[in-house]
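Per-chain numbering from 1; labels A, B, C, D, E, F and G assigned in written order.
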Amino acid sequence: MPTEAGTLTFLALLLPFISAFFAPILTRFLGHNAAWVLALVPALLFAHFLSFEPLVAEGGTAVGTVAWAPSIGVDFSWFIDGLSLTFALLISGIGALIVLYSGGYLQGHPRQGRFFSFILLFMGSMQGLVLADGFITLFFFWELTSITSFLLIGFDNHREAARRAAFQALVVTGMGGLSLLAGLLVIWSATGAGGMSALLGKGDALRESPLYFAALMLVLGGAFTKSAQFPVHFWLPNAMEAPTPVSAYLHSATMVKAGVYLLMRLNPVMGNTAVWETVLPVAGGLTLIAGAVLAIRQTDLKLVLAYTTVGSLGLLVLLTGLGSDKAVEAAVLYLIAHSMFKGGLFMVVGAVDHEAGSRDLTQLAGLRKVMPITFGAALVAGASMAGLPLLFGFLAKEEIYAAVIESGGWAAAAFASIVALFGNAIMAATAFSVALTPFLGGEPRSPKPAHEGPILLWLGPAVLALLSVVTAVLSSTTHRYLSSAMASAVVGARADIEITTIPHLGMPLLLSVLTVALGLVVFTWQFQARRTVAALLGAIGWGPDRGFDQVIRGLLKGSFAISRVIQGGRLDIYMKVTFIVLALALLVPMASYGQWPAMPAWPALQLHEWAVLLIAVIGLIAVLRARSRLTAIVSLGIQGFAVALLFMLLGAPDLSFTQFMIETLSVVILALVMTRLRLELADRRPLPTGMIDSLVAIAGGLGFGLLLLKATQLPFDDTLSAFFAAHSRAIAHGRNIVNGIIVDFRGLDTLGEITVVMVAGLAILTLIRMKSRSSAKMTEKGLKCAR
Amino acid sequence: MKNWLGILLLTLAWIALTGSWTIPNALLGVVLSVLASSFAREQRRRREVALRPLRIAELALLFLYELMLSGYRVARLVLMPRMELRPGIFAYPMKVERNFEITLLANLITLTPGTLSVDVSADRKTLFVHAIDCSDPDQARRDIADGFERKILEAFR
Amino acid sequence: MRTLIFRTIAPALTSLMLLFSVFVLLRGHNDPGGGFIGGLIAVAAIAIYGIAFGVPSVRRALYFHPLAISGAGLLLAAASGLLSFVQGVPFLTGIWASFYFLGAEIDVSTVMSFDIGVYLVVLGSLSSVALALEDREDG
Amino acid sequence: MAATGGTAIDLAAAIITAPTAPADWLVIAPVVIPLLTGALLVALRHRTGVQGAIALAGLALTIVCAALLFARVSAQGPIVMTMGRWLPPFGISFAADALGALLSLTASIVGFIAALYSLRDIDIAGRRYGFYPFLTLMMAGVGGAFLTGDVFNLYVWFEVFVISSFGLLVVGDDEARIDGAVKYAILNLIATTLFLIATGYLYGVFGTLNMADLHRKMAAVGSEAPMMTLATLYLVAFGMKAAAFPVNFWLPASYHTPKIVTSALFGGLLTKIGLYALLRVLVMIMPAERLALSPLIGWIAAATMLLGVLGALAQSDIRRMVGFVLISGVGVMLSGLAVGDAAGLSGAILYAVHSMLVVTALYLLAGMIRDAGGSFSLEALAGLYDRAPVLAAGALLLAFAIAGLPPGSGLWPKIVLVRASLDAGAGWLAAVILVTGLLTTVAFGRVFLLAFWRENADNPALAERRRKVPHLAFAALIALLAPSLAMGLYPEPFVAAAKNAAAGLLEPTPYVDAVFPGRAAP
Amino acid sequence: MIDALQSTLAAILILLGSVFALTASIGLIRLPDFYTRMHAASKAGTLGSCVMLIALAVYTDDLAMTTRALGGVAFFLLTAPVSAHLLAKAAHASGLKLWSGSVADDYATGQGRDKMAGTDVQ
Amino acid sequence: MTAALFLQWSLNVALGVLSLSFLLTVARVVIGPTLPDRVLALDMLVAVAIGFIAVLGIRTGHTLYTDIAIALGLVGFLATVAFARFILRRRTIEREEVE
Amino acid sequence: METALSLTVGLFFIAGIYLMLSKHIIRVLLGIVLFGNAVNLLIFTAGRVASKTPPIISESAYLPAGATANPLPQALILTAIVISFSFFAFLLVLAYRAYNDLGTDDTGRMRLAEPESENPPPMGY
């Protein structure tokens, strides 16, 4: 670790994880008020990262490295520039508010401590993700955000929908994570750079690499799934099963922006190519439209927000893909704005849900009187979302339109403009829906009597609303420390954002006005619009969300079918496959590498040697043809005898000795065991089976025989045996060389061998003596059958 | 050592096996024989056995003669183009009573021409003998009674 | 098996075979044989005894549980190898000593005790198997 | 000592005359200690009260020795002892290189922890009928397999652990274990017999059995020798032991049938020995043949990975699921062998270490789930998140580990292997590794959803079968999780060890020099 | 001289023994039922192997070998009739009938009198 | 013909004769038809093998083969006893084997 | 000699494999025995048959008088025989136990560990 600041940053990266460990304990003692203490963690982080602002605003960066797996060139490293720093501030800043909000939202919940813990874990992961320099560091935290998101979405685990949503998020983002890993490794392989800071200088090398396209597609796979781009957007609305603080934090302000972060991070090195500038805008545009349209359809406020989040993410991807400095600046501004207003709106919706007992648009009205602070926050956030002046959202919207109209050729500009206009208008409409519908109207109407929530519930949205105003009004400061610094990082060169909240005439303003107007129109006829979209989607009748279920079911059923085939439970099939593999393993290499033996001469054997071989063969045939197992057992003795005699003829008395004994004992034990069994007499194989079996057996035997012939045709190195012969008596004191090998030269083999003998004895005892649960019953049944 | 005869025989067997006529080997033989025979200690019973070496030798000679004869008879029988067989099992009432005598008799009968001991009756009085020529069982019984059984009685009583 | 003839002859056969098994064990170093074959012959002897007189008789005759004999055999064999630790030579190095007894030179060695270990393992394990199988039959 | 009688014998040409350093005994200790322990346990079989304690003591001592061995090998390079002080290749050499020492250390830890778990899992009957002797002797076999430097001796240790595993498999009271044992025993017997056959041919071709000697002679072998056929035969034999497709039937057929601690031991250790043998023989002794077989191994790896994880998805019984996941892990390791360079091999070795810890833990976890939830079946299990939160945490961490997600240990081998595959131009293999990881996530995500998160429907039959999870089980689980987490969070020691081990395989000169100090081939 | 005598005697015994073995095996093939075949095997067969062992005892100069071979002979003579008895008894008890040309079976009738005879002696 | 030559000659003859005996005995094992027949033939096989070993011992000068012959006698006896016991316990001949 | 032995080994393997492919467990066991013998012969043959003299040094010498049969394969086979015998005994008793517990000697019907009628895994969440 290079510097003191570096050490602090490292600790800052670890702090959330450590505090996550203590959160449940703290909550046990302090109850929901633990939030005040725990919020200090993100607050501290915020403060720490704020200290980098002067450096970063001047275009500086900070990197730090801790040895992690140096053997494989992997370091734990971080990289602080405008991009990561802005993200870090958003994460820790909003994180602090979310922790507080959670204190109120889950007050009295039996697992509040665990919730805090998960939120802090997530925070740490997200923090790590955006600050990571090394690819592996990035991937590590990337996956951690998926995992913590899984835990948070499934927090309310008793509901099937929550479990499903958590699972869905895990699978979809998990898929993306793997794609990302592959992409990063491909980049690594292509450029030799294993981290972002190192990569920044190698943009051209990467873009010219033949692996560029593959790398880009893989990275996009990660970014698009995380940032819920169409058609893998579906997990995000489902993730609204999570408690609202989670929705506010992960699924609007931070995690879903990880994909966008990645694209922004890679823009300097991967952007500025035709692929980049085609794929991103198209995917982003589609997502924007899909999100917007789907948002109209919803009446659940969280879902409305979720779909608009999808749309917003699409917009961000579109902007990032356009590639111009303007577009980047717009993206940066919109990203910051979105984090503030969407986070705030989610918290508002949560507060309403918490206090009024519902978050359904159709069940709520007139809450402004009973929840004034909440209404205020909602109003500001909604206005920012709609892009009304004096708010940060306005800056973003102006810059967006400025960017789209000057993008590429006129066709591209027209496409981008229309898409942006359409999407923004609908988002404005939904902003009005969310911020106005529950609060306006006559008398308060809600499932349970509503009132303003505790401070923990309104503090978060209020602060964010305030920030939306302050950052917009003090736009030059904001730009200096946040937006421009971030945009510079994304562009890869100095970029100064100058837009202020004072409207100035021009095409962008015109489009902004048009957006708000359109939005108001849609808002006014929101119920009709909702019905229309619902009818449309009903007509389509299928969506990727259902598709997910079908894929999973298909996967399960398919695997079940496959494993029934490949693991069918029948030993005879297992054996057949094994021996087929064996025969192939012997014959195919011999054939394809020409390792056949030479044609041997007719062996010169003495008469009695032939006789012994003949007896062996007769024994084999007798065993094969035996029609009862007893005949087979006795026949087994013949070949055993023949083998023993053969060993004797070939100068192996010890072997012969042992073979005689063993063969006899085998037959005896077989007979002993047979006494108690009544088994199938004959080996009935249907003809085809018999043919196949014979074929397999012949192929196997042929392979072994030929290989043996081949091996014995080579010259032989008998150094070992010569050594044994020379030293058996002289040093090992034994005239029987074989025995010398057994007890001395290779005594260890024998030690292992007698271990086997002993264990076999014990295992057999176990087999005989240890009763099965129902073996007594079975034995009875067996006896009955036998009778 | 109650079973001194057995141990002696075993020790002799040991010396025969090893072919080493040294005192340490003999001592080892004794030790091992004691151990080996102690394995079957449960089955040891006191027997009043009178040993008459000369008679035993006579019995042995008779046996060897009969054995060779028996081999010859079998050879002749199986090599004849047409085998004339009248086999059967006859019962032989024994005079010998002691286990080892019965066993000896039965074994000798088995190894000698044309006869084969199948079993001893439960009351240990009758020996069932399979004869390859059972046309005259009485003659066969007489042969046994006057041959082996008498010699055994002479040798061990 | 309850036949007089067999039961009369079985004890003698058993003793003889046990003796033979020790013979085969001890001379294995110079001629065909050794602990394994010796052990097998001993098992054959015990099996004959068992067939004649039944499992309980064999268990009484063996005195120790057969598997305990086997375990002891393995301990002996391994310990024979470990003795070389003391001598500063590798595992399983044969260590020989000889002394004179009644005028004859007697060799003792770890190789021999190793082989005796083998003998005991084979004897113990296989007789355990046979006895267990037979127990099952009777019970 | 070496009395020479009448003729003059050049002792220096026959035996090692230098005295053996006591530290060299470390190389044999991981075999001899459990072996002696096992023999003692058999001799004291009826003292069921002390069986567990003796086994634990023996295994603890084994860990100590294996750790010392590992430390020494890491610091000084391979350690060799040639038995009977015969010069290699005449005596049997034990040679611990980085690979052997690493795996034997990991195995000894796994064995000890399994023994710890077993204290509460194995009843009197199990103790009486040899559970602890089987366990310790299996560990002896495993240690021998990892450390021996002789091919035939390797076969013997294979047989030692295989027969011990047979014994472990039949300890219990479930009939299914007999069925499983039949398939396991017969197929494993075939596998080891194939190993023996291949070794017979190997001897016929080279006239030697010492691995270092084989390595030296391999360079000189003529093109006449049927080395490809032989290598393929070894691939089949060890592939079968490692449970590679399509010769892995024995594993899913049996691993779910015995006592859970037995499954845990098997899952942790046995397939890795197959893999180890493949590495030793194909990489160190037959590198050229491995190269030629590389595409085939790649396909086998891919099929094993995918079919393994698909099999896992198809299961309701979590034990069987773990078995299939284990198989897919074998595929992952084989992919490293297919790539075959330093990175690929170190990935495979790293995965082996990870899998030893994690698969063992997964089986133990399955046992604890059965205790806490009353069943092994995903159909029946539910509500464990509320009922057993600590278990849930353990399950989650293990699921991450096996799926290769942070902070689990599986992340690192996955990264290393994907990178190695990509660098070797085998993008498809990398893709398969990643897809396997995803599907593993799906499989264990479902376990977590159904068994833990799903709300508990009150099932009296199930409730009856529930029992308190013993503290010892948690201790065992944590003892396995701790190193796994350590590897996930700070991988360097593990990665360095694996890299070191792979380097030793690819460039075995230090190994050969340690076996034959300063001598040319005879 | 002694050598020549030894060799000649051994040769004769070898030939004799192998002829015995051959006749036993011919008998095994030609004789009509199990019980009659037993005669061939238990007499000629045993004799054959014993004679050949004696040949070996005669041939070798090693006294230990001689005594051992003779010990082997004694052992076979001890065991052969016992195994013949057991086999015959077992075959009969298992219901294997005598050849149709047999003239008597006192054993079967004896067994009829005393069912336990075959299984219980003591 | 010297004694040594005569011995050589008779050993060769004996090996041939014994080989023939082997084949005939094996034939009986294969033919059966009853289990006792096969066991008897197996017992006979042991006897022939002992003779064979003895002849080989003389022929090669390795009289140490004797011990193998003796051991073979021992286990052969055991095998026959075990089979007899088996037949006795089973009591009934397998149908297929009577046919 | 090696040629004849190779042929014999091949035949042993054929018989062994054919039996092992049977569904009846006893035949599988018989096959295993044949397979084991085939392996032993294989190892023996792989060590070549250069001489048929037993590798035993006479009492009066310190070295074998001339060429002997290769002792190493013999020692290896001895180890292998013993091991395969142990395995065989275990398998035999296992088969016996399987017959008792599972009520069949047909491996195709030993389906306790992997039952014939299995449900697909649960499909829900």
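Rule of thumb we're sticking to: a residue touches a chain if its C-beta (ideal position, glycine included) is under 8 Å from a C-beta of that chain, and two chains touch if they have at least 3 such contacts.
Small disclaimer: the values here were computed from a predicted structure and weren't measured.
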Mutual neighbours - chains that touch chain C and chain G alike: A, D, F
Any chain that touches chain G and chain E: C, F
Remotest chain, chain A as reference, centres from CA atoms: B
A-F or A-C - the one linked by more C-beta pairs in contact: A-C
Chain occupying the middle, per Cα centroid: D
Averaged-CA centre spacing for the pair chain G and chain D, given as whole angstrom: 25
Separation of mean Cα positions, chain D and chain B [Å, integer]: 61
Rounded Å distance, chain E centre to chain F centre (Cα mean): 11
Multi-partner residues of chain G (at least 2 other chains): 20, 28, 42, 45-48, 52-54, 56, 59, 62, 72, 76, 78-79, 82-83, 86-87, 89-90, 93-95, 97, 101-102, 107, 110-111, 113-114, 118, 120-121, 124-125
Per-residue multi-chain contacts in chain C, two or more chains: 1, 3-7, 9, 12-13, 16, 20, 30-33, 36-37, 40-41, 44-45, 47, 67, 70-71, 74, 78, 81, 91-92, 94, 96, 125-126, 129, 133, 137
Residues within chain A bordering two or more other chains: 160, 163, 167, 552, 556, 560, 564, 567, 569, 571, 575, 649, 653-654, 656-658, 661-662, 665, 668-669, 672-673, 675-676, 704, 708, 711-712, 716, 718, 720, 724, 726, 729-730, 733, 735-736, 738, 740, 742, 744-765, 767-769, 772, 775, 778
Touching pairs among all chains present in the structure: A-C, A-D, A-F, A-G, B-C, B-E, C-D, C-E, C-F, C-G, D-G, E-F, F-G
Chain E residues within the chain F interface of the complex: 3-5, 7-8, 10-12, 14-15, 17-19, 21-22, 24-26, 28-29, 34, 37-38, 41, 45-46, 48-49, 52-53, 55-56, 59-60, 62, 65, 68-69, 71-72, 75-76, 79-80, 82-83, 86-87, 89-91, 93-96, 118-119
For the chain G and chain C complex, residues of the former touching the latter: 54, 56, 59, 78, 82, 86, 89, 93
Chain B to chain E touching residues, read off their complex: 13, 15-20, 67-68, 70-71, 73-75, 77-79, 83, 85-91, 106-114, 116-124, 126, 128, 130, 132, 134-135, 137
Footprint of chain C on chain A - complex, ascending: 653-654, 656-658, 661-662, 665, 668-669, 672-673, 675-676, 732-736, 738-740, 742-744, 747-748, 750-751, 754-755, 757-758, 760-762, 764-765, 768-769
Chain F-touching residues of chain A, taken from the complex the two chains share: 606-608, 611-612, 614-615, 618-619, 622, 627-628, 630-631, 634-635, 637-638, 641, 644-645, 648-649, 653, 656-657, 660-661, 664-665, 667-668, 671-672, 674-675, 681-682
